[in-house]
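A short worksheet on the structure shown next.
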């Protein structure tokens, strides 16, 4: 059969969002690919130039629709760099807990979307079922199911409610058992293994060269994580180890490694929040009023002339970075330029090239294993 | 043993009695025999077909609800009740007044009474009302059964669309090719020895031949839609069905060898007369049959032609409206037919489990034997559908195309040949034709060394042993190339270089 | 217990890098200084400012001599009212990551506190000031860091900074049929706000809803 | 008999056909079977059409996640016959769950045109209604109703899955009213808005 181009997207079950993958196939084999982005480009960077530093947080929530909390935190660290704000220790702990709960929810969403990619429909509902547990917990903090607008420059919006700690511990412990259930269903299914193993190799140096980060790199056997390499929050005080996979081939990490590393990351997140809630300064069953100095320090609301802020944050899909230029006459309350680095914007073109040589049926497996999120990609 | 309720005989004898007496004195008198035969055949064909066709809604319902339960959901809950309570209290006006002659008045009265009795009762929250109109006083009756009816009827309403650059003739014809060939399968499936539309001598061959027509329609459909997804889906379908047709044929050949007939009804009689269902004599064959059938009807894990993840909806992407509804229905009829064939070939058709033993118990045994054969067949095939097709579909992932083909050609085909050889050996050397008996208690043709039913018991145990052997044969540390083996580090991150 | 790079490690590595750059490129207009973040753990990073003509040389040197292997983001900014020598600037954020290929069945789990030398992750910020004219141009580093490829495309698409020598430059976020020279993050484009309705008139002919016509938001 | 052009038969076929036809017409008129059938069948088909709303599996932005959540255990839209199909040919409802950018505008119109009538459009979330938080953006349309006629608006950012399910309920209510009317000729002046009781 002659070679032909197939356009997958923008509306396609494989894309997990709105983008187009153009695939050149020779029979069932992928020969060439092209990624086409920008279908939900909203111009957030432009809009944020007309918002003050508190008003930007909701936009950062909406950058990535499955990990709102981590993106908001990422922005907040950049704004704190710009505004030179001090953050109380309790607020840092709460941020860590909220970010890790969000990471659990995000990875569950990923696993749930990855299941139908491979053809396993039950996985979707099971993962979404468990995701609801963490959304409930986050809802207790932020008041909304998805977009919390929770962190503030200089702290967090409000304290953890009374009883949150117990509910969270119960749910996280239940979830640790559920992870074993997933592993039982997936790792012991030969079909799952033959679909993922040996498919979609990507090695570490190539990925770093191309700008891939986060779990996708750790799947290739290298422990590199912004949480310890460019430390923020209190990750050095809680009990965790980075989740790293052993690659089984010189070719690097395959889809199975990327699946495993996220499962392990969920375990580590569980471990982290369980430890953090015990260590939290001020006690886990106290509730400070919002604005209390335990959870919030009022930052200066104007940035000095010519100041910049930068944060390197380990989001659920990799390193998200914010770079804010502040200052300027009359504009001290708003950023002069806010730039967002999205991990998936750089990863998706790379993944598209990774698919070359595999079968058409492997496209969703490879694409899904890298966990694309188009909200952050197109900004 | 024949089913007690010989519907076919009743209808034919009734027709033979009635028709000549009715036609007496008319010019058609000479042809009374043919006419009575024709009428009786028409009646039985319709009865059987309608039974098969409407019991298909049960299949759809079983799948929908079972899947929902596996997914921790509740599943469809649509009830007919909203026909008169409307939605959210909106009933579309007093439609009964639009009926002429005031004939709708009693309907209107009834409707008002029903609304008052079972309708929404102005709950405090409107949403409670909205949600509640799916049940009768809070008790759902066959919840969601009518969802599939609604789906089917809705397709009738939809606009018929043909893609502009499609090959219009083939695009229009291929759904009918698929559907009509699928309906023909139902023609020769017996519901019991007294309830079948037709019983050709070589009905097994007929079933396979008919099963082989639909793939052509699938390929036509995929090609004529002028869409790359459907094209790939159609080609995948053709490749896959070709690969799996041969093991399927060989498996059925072994069934035919074992029971010594190419007729479905006779092979069912054989299972009872010889004393053991084929399932226990050829577990390998049963497994092969199910695997190949899942591939034939294109369900997970062999649903590559409709792989939703990469091929949108596979070869039927471009079909909408009733064409899609018919294709959807045809797929379920094929699945249903596969369940029936499994029931007939391996589970003893209309015979009850342990019919010979339980039937000898006084009173209880008589009551046991009173269960109609059609009910037994339906229940068995629903169970096969539920335990094999639905369960597999919602707990397994999808295999890749090349893996499907490799599995079919390199694993299933040799196994099917092995099964043929085994069946011949069983028939020639382990089978005692003198012990066959078509009585209610059945025969004992599979005894060996004087031990009753030794052959099926040993066969089953041996194959179960082999199955468990393969199940636990994973060498987790030996193979570093990891294909097919779970080899992951756990817990991650505990490995420190230089400390091992 | 969790791990993290300590402040001493960070300061050591940052100082080493800054000194190396200052030594190597002294007198060419390239300066490296150590800046401390004022958020989180108050870590430091290297801020380099370079004239555009030396950027490729600097980039190559950084990649192969001090192991900066990761180009994470590129930010272009428009200063329409800025001085003549700084009408635009381009900021590169680069990272040094101790990532290497792994042999099968091995992995590298770093103990952060024990890392030394070039293994310590460092953050770089490269600032290139461009003169205030209509065609800001920077030499591309697409061939040095593959990761900068799409970043540069995005920067050109949104801000309009031209990357000299970039192959296959095309719009990535804006529609392909956007008018030539339309780069929305340039400051002459106001957002649709209050009185600025000119952004409604676009090439594809999308207009406001009839009901909203002339309404001020 | 020579053909004189006259027909001497007592009952010629044309007269028979005319008579039978006339009688049948009269009978149909008198018994008003057509009216019976149209009312009853219309009622039944309307029920089918509103109970089975297949939704196009189109995920644009945040609301897509809530759309997925609405199909999963806690909310379970399947209870109400809401299924997601990937092909526009097999869907009845276009659920626009995110901002429509200029790049996507003609694509979504094409998707809409690929869906067979009767079809319905639900604008889910602020972005699809009016551009939402991005109303000032240079690349976002002011709501999907600038390009597609919308039947139901579900406000929220994002609306909770319950709101989505309620939106489907209100769409059913609307279908009772409009039946299988083509999407071009509907009363778009009276949009249905969830929560606007």
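Going by the order they are written in, the chains are A, B, C and D; count residues from 1 in each one.
Note that a contact is a pair of C-beta atoms (placed from the backbone, for glycine too) under 8 Å apart; a residue touches a chain by one contact, two chains touch by 3 or more.
All values reported here derive from a predicted model rather than from experimental measurement.
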Label of the chain whose CA centroid is most distant from the centroid of subunit A: B
Which of C-D and A-B has more C-beta contact pairs: A-B
By mean Cα position, the chain sitting nearest the middle: A
Mean-CA-position distance for subunit B and subunit A (Å): 44
Gap in Å, rounded to a whole number, between the CA centres of subunit D and subunit C: 49
Whole-Å gap separating subunit B and subunit C, where each centre is the average of the chain's CA atoms: 60
Euclidean distance of C-alpha centroids - subunit B vs subunit D, Å: 32
Contacts with two or more other chains, residues of subunit C listed in rising order: 104-109, 173-175, 184, 189, 191, 193
Sites on subunit D at which at least two other chains make contact: 72-73, 86, 101, 103, 136-139
Numbers and ranges of subunit A residues touching at least 2 other chains: 12-13, 38, 41, 43, 46-47, 50, 124-125, 129, 223, 241-242, 244-246, 248-249
Touching residues on subunit B, where the partner in the complex is subunit A: 67, 70-73, 228-229, 232, 236, 300-301, 303-304, 307-312, 393-403, 480-495
Subunit A-facing residues of subunit D, complex: 56-62, 64-66, 68-69, 71-74, 86, 88, 98-99, 101, 103-104, 107, 111, 133-134, 136-140, 157-158, 160
Touching residues on subunit A, where the partner in the complex is subunit D: 10-13, 16-18, 38-44, 46-47, 50, 58-59, 62, 65-66, 109, 112-113, 124-125, 128-129, 131-132, 145-147, 374-375
Subunit C to subunit A touching residues, read off their complex: 1-5, 37-41, 43, 45, 69-73, 75, 77, 91, 93, 95, 97-110, 112, 121, 123, 125, 145-151, 154, 158, 171-175, 184-185, 189, 191, 193
Interface residues, subunit A side, partner subunit C - complex: 37-38, 41, 43, 45-47, 49-50, 77-78, 80-81, 84-85, 87, 203-205, 207-211, 213, 217, 220-224, 227-233, 235-242, 244-250, 252, 272, 309-312, 319, 321, 323, 325, 336-337, 339, 341, 345-346, 349-350, 378-379
